[in-house]
Each structure stands twice: as structure tokens, then as C-alpha cells.
Amino acid sequence: MLARRQLRVTIWNEYVHERREPSVQTDLPDRRSASHLMLARRQLRVTIWNEYVHERREPSVQAIYPDGMHAPIAEGIRRELGDAVTVRIATLEEPEHGLTEAALAETDVLTWWGHAAHDQVADEVVERVHARVLDGMGIVVLHSGHYSKIFKRVMGTSCSLRWRSEEGGEREVIWTVNPAHPIAAGVPQPIVVAHDEMYGEYFDIPPPDELVFISSYEGGEVFRSGCCFYRGAGRLAYFSPGDQEFPVYHQPEIQRVIANCVAWCGGASQPNDGPSAREGNSKRNWYL
Amino acid sequence: MLARRQLRVTIWNEYVHERREPSVQTDLPDRRSASHLMLARRQLRVTIWNEYVHERREPSVQAIYPDGMHAPIAEGIRRELGDAVTVRIATLEEPEHGLTEAALAETDVLTWWGHAAHDQVADEVVERVHARVLDGMGIVVLHSGHYSKIFKRVMGTSCSLRWRSEEGGEREVIWTVNPAHPIAAGVPQPIVVAHDEMYGEYFDIPPPDELVFISSYEGGEVFRSGCCFYRGAGRLAYFSPGDQEFPVYHQPEIQRVIANCVAWCGGASQPNDGPSAREGNSKRNWYL
Amino acid sequence: MLARRQLRVTIWNEYVHERREPSVQTDLPDRRSASHLMLARRQLRVTIWNEYVHERREPSVQAIYPDGMHAPIAEGIRRELGDAVTVRIATLEEPEHGLTEAALAETDVLTWWGHAAHDQVADEVVERVHARVLDGMGIVVLHSGHYSKIFKRVMGTSCSLRWRSEEGGEREVIWTVNPAHPIAAGVPQPIVVAHDEMYGEYFDIPPPDELVFISSYEGGEVFRSGCCFYRGAGRLAYFSPGDQEFPVYHQPEIQRVIANCVAWCGGASQPNDGPSAREGNSKRNWYL
Amino acid sequence: MLARRQLRVTIWNEYVHERREPSVQTDLPDRRSASHLMLARRQLRVTIWNEYVHERREPSVQAIYPDGMHAPIAEGIRRELGDAVTVRIATLEEPEHGLTEAALAETDVLTWWGHAAHDQVADEVVERVHARVLDGMGIVVLHSGHYSKIFKRVMGTSCSLRWRSEEGGEREVIWTVNPAHPIAAGVPQPIVVAHDEMYGEYFDIPPPDELVFISSYEGGEVFRSGCCFYRGAGRLAYFSPGDQEFPVYHQPEIQRVIANCVAWCGGASQPNDGPSAREGNSKRNWYL
């Protein structure tokens, strides 16, 4: 027993000695966690991407979104997240769709709305966004973005679904199935959207890593309307309510959920293992 | 087409009218999300629970943890989370183990270390802690806590595992398999613990909702050493490194992970659906 | 290069020598996988457990289920799985509720229906069933069984939900969100139940390991109605449609899903690691 | 109360009448589930795909796999699954790599080994295989196939990992973390591979839907070596042990796991919802 105790004390002393060296403490990588980020009030840099096509060519859409759908989306994010974010808008028609290497490098979370012009998004830009997501950027994909190149690229599935767009739409009731999840914070159980397009199952996506919302419609269909995914060092949230034909993005609860998705997607920490660390032949005991 | 456009405008006008009413905005439930919590610098109230038995009766343990294992655990949490937390200690020998209704009501995250005296924890207290977890409290279960009543109660499985405790222990190498997860923030890939007890698979727990760390040992065994679970409105993190016979809880990286677990477990939002909302016969259209 | 090649050949020869030894082949543990089980036509031994209370004291229930709810449940399993199963009935009023050690030892899959008498199920029997599940038995929990002791024990959560039982019930539409999952085999998308009790979210269970069905109701609620869980060496399936007040268990599609759940729960293989292998101090290199 | 009872009886009678109609029973879609498939002894049609490059140009590999790596893989599948399967070989150099539309239409499960020639696989063939997977085909990706176009396409991530290939390799110990999972059936806990290439974390894949094996190596690294995914109506299993430089595919336990993966991937049922059912505007009540 004495031998055992001495061994312990020896280990302990060696250890204490070691840990008192400042180098050990400063050897810790970048300490930024979500909480540190927030405490330090470092701002999340948000880019709101909108193809911005329907709003400019269809009077019915223009009546609802005279400044583009990105306007109420940005308004909601600013109202809900305030000083915690900076918001920038980018659209399809800009050079490189406003998603240059430099722009993405300064984006922590990207929101994506597209529909009529999915095919006009350049493959090169899609690859760039994809790489940034795996590298740690968050992405919030909205509604018809389920058929965007970037969403299909990250999901690896067809992303097809059922849909119905009737005159006047139909009531969508959005139920929370994970009531303490951050993307459901501050919204009622359930959220009622008076008029929306119907999106119904089967929705061909990988099983979500976290399922937060399930919607029902007047027609009886259901839809996994709020889904969270971890991919590489990044995060993806998909939230389905919202259509160019209905004022869904003006609804405060919907704006709140989108803001929550932005905050959640921005909650990834600085990764402690990056692709460059995984190149070449790892020598044995490289980490000792 | 005109009819369609008029309908849209009508919906829109009705909607705009509605949403401009202040009542709609103030109808949103409590807006506290993780980000709001942090921005508002509301402090996480942490209770560190330690059975505190080994440290008082075994000299070998006392040599390593003269003030109890809770001391370095608390030290690490305070160093890493600073003003974001308040820390309180509770031990087995206190009345109700220091976990009265009042104490739990004022605890956002509880950490749990037990081993020799699992059976001495009163069932009533276990039920109380369990209810608080489902109600939104976070719980961080450490090492031999895998066999605590509360862990087995939440998991619903036997929680058995392989183990080996040799003189001097053996090297444990802790690998991150989700590099941007908040509980891996700020620690190296891998973390090396020079001397630890071996915990090996099969570990009989439900498939973790998020698997963050996998350890290997000199003997070749592996272990899912960092596991995250969502249960009700609460969160549970299990982190296995650490034993009374080794100075693991003095190691800064281990302290950092425990602090990260505390922050992650405290990241649950105010739930938007509680048990009291689910009692009795729900009338049709109750939510309209 | 020559040295390298010689090494390879040496390894190869040693290896080939080794693997030609019959002992290596016969050292493989029990070869029973799901496919072998089925190919060998080894029968799944199914025990259908019913508390059998409502059917005997309420005329309205008796009119629908004159022989007990277990009768159509058994009928469906027999029709769908035929020679692949043997079926046995057990009820609350039998000694040890018909779930003795011997009975459970000869049960591969247990189905569970209870409601009015959850509290009358002996804790000892619950522990026994729980242990058998972790040891490899499948369990299919039906409808109001969500509040049974055994379901709450395995889940580790409150298992509370919203409900509504109106005169005449309401239409339930059951959507498949994993169209090739075995428990959805052979049923339409969607399944329509004309009259059922409403079960609605939030349903306080752990995130299902596999989510297969989501139901909607006329009242607009949704429910995760088909959920699969892996626990220890066993499997649990929960399927919510069905109530004593409605003839749901006579509906062929519902019977088919229950039979599918039985087959899926019986698909666990013989475990290659059991609790007895995880007792005591594992010597280093025990497995070499 | 009488009214209530009469209503029940009326519902019941209507229901019984309805369900006795043969049309209701025959309306059930194709009844093939995994169990029916097996009971009916319908054979799984397996295509073993091998790029077959190393074996023909490197003597060291040829010494180990004189007939190609596909030979022992096929041998193992045939030995373990016997009459339950038919096995066909396809290689890179065949027209369309042996993966024509017709060949894939007659394949239930495809196994994939590639390394030196990933880039030579035609994009058109990759898209075809991808579509077949989402349509219900299983795919078993082996070892260096982690960098194949098809694996990266389905995963949607970089699929990068750490690796080390030393002279003589190093010992890999494969631990089961889900002991009753069908892909672990009939193999020891743990499986020991005497000489293998090291694959280490972080492995950039989506969180597996089911994690079954974790490997450790002499160098202390760990790897999620057996991972299962559900994608569309198909299934994907990834199993990492095996390299052209070591005789891993001759080892019976490894062959058994690959055969298990084939059986598991072939266990998807006939989907009850296909892409063609999700085209166009779904009329309200289309399913009634």
C-alpha cells in the first residue's frame, strides 16, 4: 500500500509540476466556445442570400414583399439578435452571386432562399459554399431552398417532397417536438401560419440529427419542417414555412425561428481538427 | 389572375394590420434563448455534487485531492466560465445530499461524481433530480457516475462497461469525432491523459444523441467517452475520464471539457411546452 | 522493395496457415443473424400481453373487441407472419401477469397493451421484463402503453403527451417518413384510420433512434406515431394508433404494421457482448 | 351512454363490413418485407465492384490477392449467405465499369472497393449508382472507398481521415458498440486484425445513423470503422478494415462482417412512397 501511495504522490507531483508550467495552459487552442463568443459579444456575421427573382417580376409577390423577401428576413434577425449580429444581403444577380471567397470568409452564417432560379447558381459557387460549410460556416436553408444545389449537395439525397399551392393557401400548424431546443426558443406551441403552401412527406433527406418542428396542414399532410444537421465543422438548419405567395416572412414567430436558426448555426465552436491536419502519413505517436 | 392578386393583397393587408398590433409581438413567450441568456450575462447556476467519500478515507486519494475532487472541478469551471457562472458545492452527507427542492430549483446545471456510495443516495432525491432534468436542468455525469442511480434512471439501461484499474493506470487518448461541438472547444486533438483507469466497450447506454469523444487505452480498448443526450427539456452530458486514484481532474484540458459540458448542458432554452400543458382532454382547436 | 514483398508473403503465409485451421472457423460465435434465422425458419416466439380490463367491464369496448384486443392483434400477426411465428397470449390477471421468468425466457418479442391498470403491474415483473429487453428480447408498445411502467422505465422520461377522446373520434392520417423501413412494409402512404383517439405532441420520449411514422389528426395535431429504439441487446418499437373505443386493431393495415414491428423487434442478432463478459477487472490483453 | 354505445356499434358494423371486402385486403401494396423476402427465399442479387488495379500491377498485392480482392470478398459472402444470394463481379475496366442501367436494375446490394483509380470512375456512372441507392439498392463501401466519388456523393462531406501505412502495418482491434446489431452477428468481441493500415479520426462523415464498430490501433488512434446510414429508400454500410497490402479480406471474421453488411443493406423493404408519387401539385384529399 505504501508503494502504491508513493507512486501516486510521484505521479501527482510530476503532474502538478507539469501543469504549473504556463506553456501547458497556453498550449490550449483557441478558447472560443459559443459561450465565450457570446460573452465577448463577438458578432455573428450573417449573409442573407435571396435569388430575388419572384419579387421583381410577379406583382402578386411584389405586393407582399416590395423590398424582397430578404427585407423581412433581415428585419427579424436584427430585431431578435440585435447587437449580436451584423447582417449583409447578397443576391443572385451580383457578381459570383455576392458569394465570393472573400465574402464567404467573412460570413459565419448564411441564409438561403431560392426557387425559380436554382439552375442559375454557378456550380463553382456551390462548391465554394459547400467547402465553407464543412469548414465551419452555418447555413439556414428556407422553404423552396430544399431543391437548391447547395442543399442537395450537403444532404446527398434527392430532397424531393409533396406540395400543394392553392389559391389562398391553407393553414399550417407548426409543432415543436423538442421544446427546449434553441431554435424553438420564444415561440408558442404550436405556431399557426394562417396561409401557406403545403409541403408534405415523404421528404427525401437523411434522418435529421435533431428534429425540432413537425407541421400539419388543413389537407392532413405532415412535414418535418424544422431539421438540424451537423456536417464537418459546420451546421445546417432547414426551416420550411414561407413562400413567395404568402406573407409568412412578415410573421414575428417565423422571424424568431429564423433568427434562432441563425444563432444555432453560429453556435459551432472553432474546430479542433481541420482537413490540413489530416493530410499525409501520420507518424506513429505524432501526438505525444 | 386579377382575382388572385386581389386575394393576395387582401390577405396581406389583413396580415399587416394584425401584426402591427402590439399584442401580437408581446404575445411571444419568454424570449430567453441561449444567445439571449449569454448576451444578458444571466449567470448559469452550477451545483457540483460529489459523494466525497474516497477523499476522506483513503490516503492515496487524499494525496491527490486533499480538498476533494470537487475542488479542482470547481476551479476549472470558474476559470473557464468566469462570470458566466455561479458555483455551489453539495455532498452526500448533507441533509438530502444538499439537493433539496429549493437547491435544485436554483440549479441550472448539476455535475455528478459518485462511486463508493451510489446506494446511499436516497431514491427520493434521485426522483427529484430526474424530474428537474426533464424540466430543463442540465446534468454532467462524470466517470464512475455511470453506475449512479440517476444516470441509470435517465438512460433506462444497465450502464455496465468493462474496466481495468492497474497500478499506475495507463495512457488514455481522447479523440474528438465532432470537432466543432461545443464540448470539444478549446482542447487539443487528441487530449492525452498520462495515467487513468481503463473504461472499455461495450458501454450499455442508449445510442448517444451526439457522440463527441472516443478514447483509446494502452491495452487497446476503446470507449465512447463524451456523449450528449436530450431528455425532456433537459440535457445530459457524460464524460468518462477521471478517477479518484489519478490526478485527472487537475489536468487543464479535462477541466476545460467539463466546463464545456456545463455550458452545453446550460444551453437548453426555456421550453415552449411543459407537462402542465399536456394534462386533460385537449379540446379541438384549443390553439386557435 | 524486395524486403517489403518478402514480409508480405510471410505475413500472408502465416495468415493462410492460420485461417485454414478449422478451429478458426469454428471459433466464430453463434452464427445466427436475422437472415440466418429466417432462412432456417426458426420461429419467433411472440407473447401478446393485454391488461384485458376494458373489454370485460365496458359494453362499448366489448362490442368492438368481444374476445379482447389481443384477439385481432394475434390474428394480424398470425396472418402476416404465418409460420415464422408462434403466438401466445398473457394477461394481467394471470399469476405474475403471465410473465414468469420461464415465460420471458421463451419469448423473443413481447407486445404490450395497457391503460386502466398500469399501476397493478408488479414492479418485480417490470424489472424482469426490462432486464429481458436489455438481454435481447424485443418489445412492441402499443397506444396507451406509453404510460406503462415498462415503457417509462426503458425510456427514462415522463412519456406524457396531449390527447383528446371525442365521441366518434377523429380521422388519423399516418404518414411514413422512412419509406423503406421494415415496419412500413406493405402499407399504403398514408394509412388512414377513420376514427381514433387523438395523441399529440409534445410526446416526452428520447429522440427516437429511427422515426418511421408521423400522424396528423382532424384537429391539426401531429404525433410521432411509429418510433424505434435500440436498448442494450434488445429493440423497442412504439406504435400509437389504437384505442379500446375504436375498432383500430381490426384494420388490416394497422395489423400489418404491428406484425412488422414484431418482425423488426425480432431482428436483433445474438449479441456478441453480454453483461457477464463485463464483470471484474479486465486484464490487459485479455482478448489476444 | 346508450347513444355512445350505438355509435360505436354503428362504426364497428360499418367498419367490419368494409374490411370484409376483398378489395381492402388486396389494396395493400406489395407485401414484401425483409422477413417475407427471406421466408420466400428470394435471393439477394449482389454485385461486387472492385477497381482491380493494385492487384494487377503491384507484385506485393498480387501475392496476397492473386485473383483480386473481389475473390475473397465473394468467397466470404457465398460462404456466409449461401443460397440467400447470387454474386456477380464487376470491375472498372469493363464498359460502363460493369454498372450499366440493366446491371444496376438487377442488383440489390453493391459492394465497392476502390483506391488508386477513383478519378477514373465516370461521373455518369456515379450518378446512376447514386440514384439506384436512393431508389432502394444497398451499398457496402469498403476501406479506401471512403474517398470514392459515390461515397462522397452520398455523404455530402469531404470524407477525409488520418492514415498511416507502415511496413508490416499495425494491429487493429475492432470493438462492437451495438452488440446485437445484425452487422456484428457471429463475430467475436473484439475482432483482432493482426496487420492493417491505420485509419484515424477525425473522419469527416455525417453522424452515422447507427454506429456499430470502433477500431483502435497500436499507435493509439481510434476510428468509427462500422457505420450504417439510411438514405432515401436505400441503405449504406461503411466498413473500414482491409487494405491491398494486407490479407485482411482473407480473415473469416472480416468476411463475416462484410456478408452481414450485405444482408443488412439488403434488408430495406419495398418503399411505400417513391419519387413518382411526389410529382406535381397534390390535390387536397388525394389520399381519401
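General observations
Here the chain labels run A, B, C and D in written order, and each chain numbers its own residues starting at 1.
By definition in this document, a residue touches a chain if its C-beta (ideal position, glycine included) is under 8 Å from a C-beta of that chain, and two chains touch if they have at least 3 such contacts.
Just so it is clear, the structure is predicted and the values come from calculations on it, not from any experiment.
More inter-chain C-beta contacts link the pair C-D than the other of C-D and B-D. Ranked by how far their CA centres sit from the centre of chain B, the chains are topped by D.
If you average the Cα atoms of chain A and of chain D, the two centres end up 30 Å apart.
With centres taken as mean Cα positions, chain D sits 24 Å from chain C.
If you average the Cα atoms of chain B and of chain D, the two centres end up 35 Å apart. Within chain B, contacts with two or more other chains are made by residues 173, 176, 178-179, 189-190, 200-202, 207, 209-210, 218, 220-221, 230, 232, 273, 277, 287.
Here chain C touches chain A in the complex through residues 171, 173, 175-179, 189-190, 200-203, 207, 210-211, 214-218, 220-222, 224, going by the rule given at the top.
Chain B makes touch with chain C in their complex at residues 134, 153-158, 160-166, 170, 198, 200-202, 204, 206-207, 209, 218-221, 229-232, 273, 275, 277-278, 281-285, 287. Of all residues in chain D, those touching chain C in their complex are 4-5, 7-9, 11-12, 15-16, 19, 24-25, 27-36, 38-39, 41, 59-60, 63-64, 80-84, 136, 167-168, 173, 176, 178-182, 184-190, 192, 194-195, 209-210, 230, 232-235, 245-247, 250-253, 256, 260, 263, 267-274, 277, 287-288.
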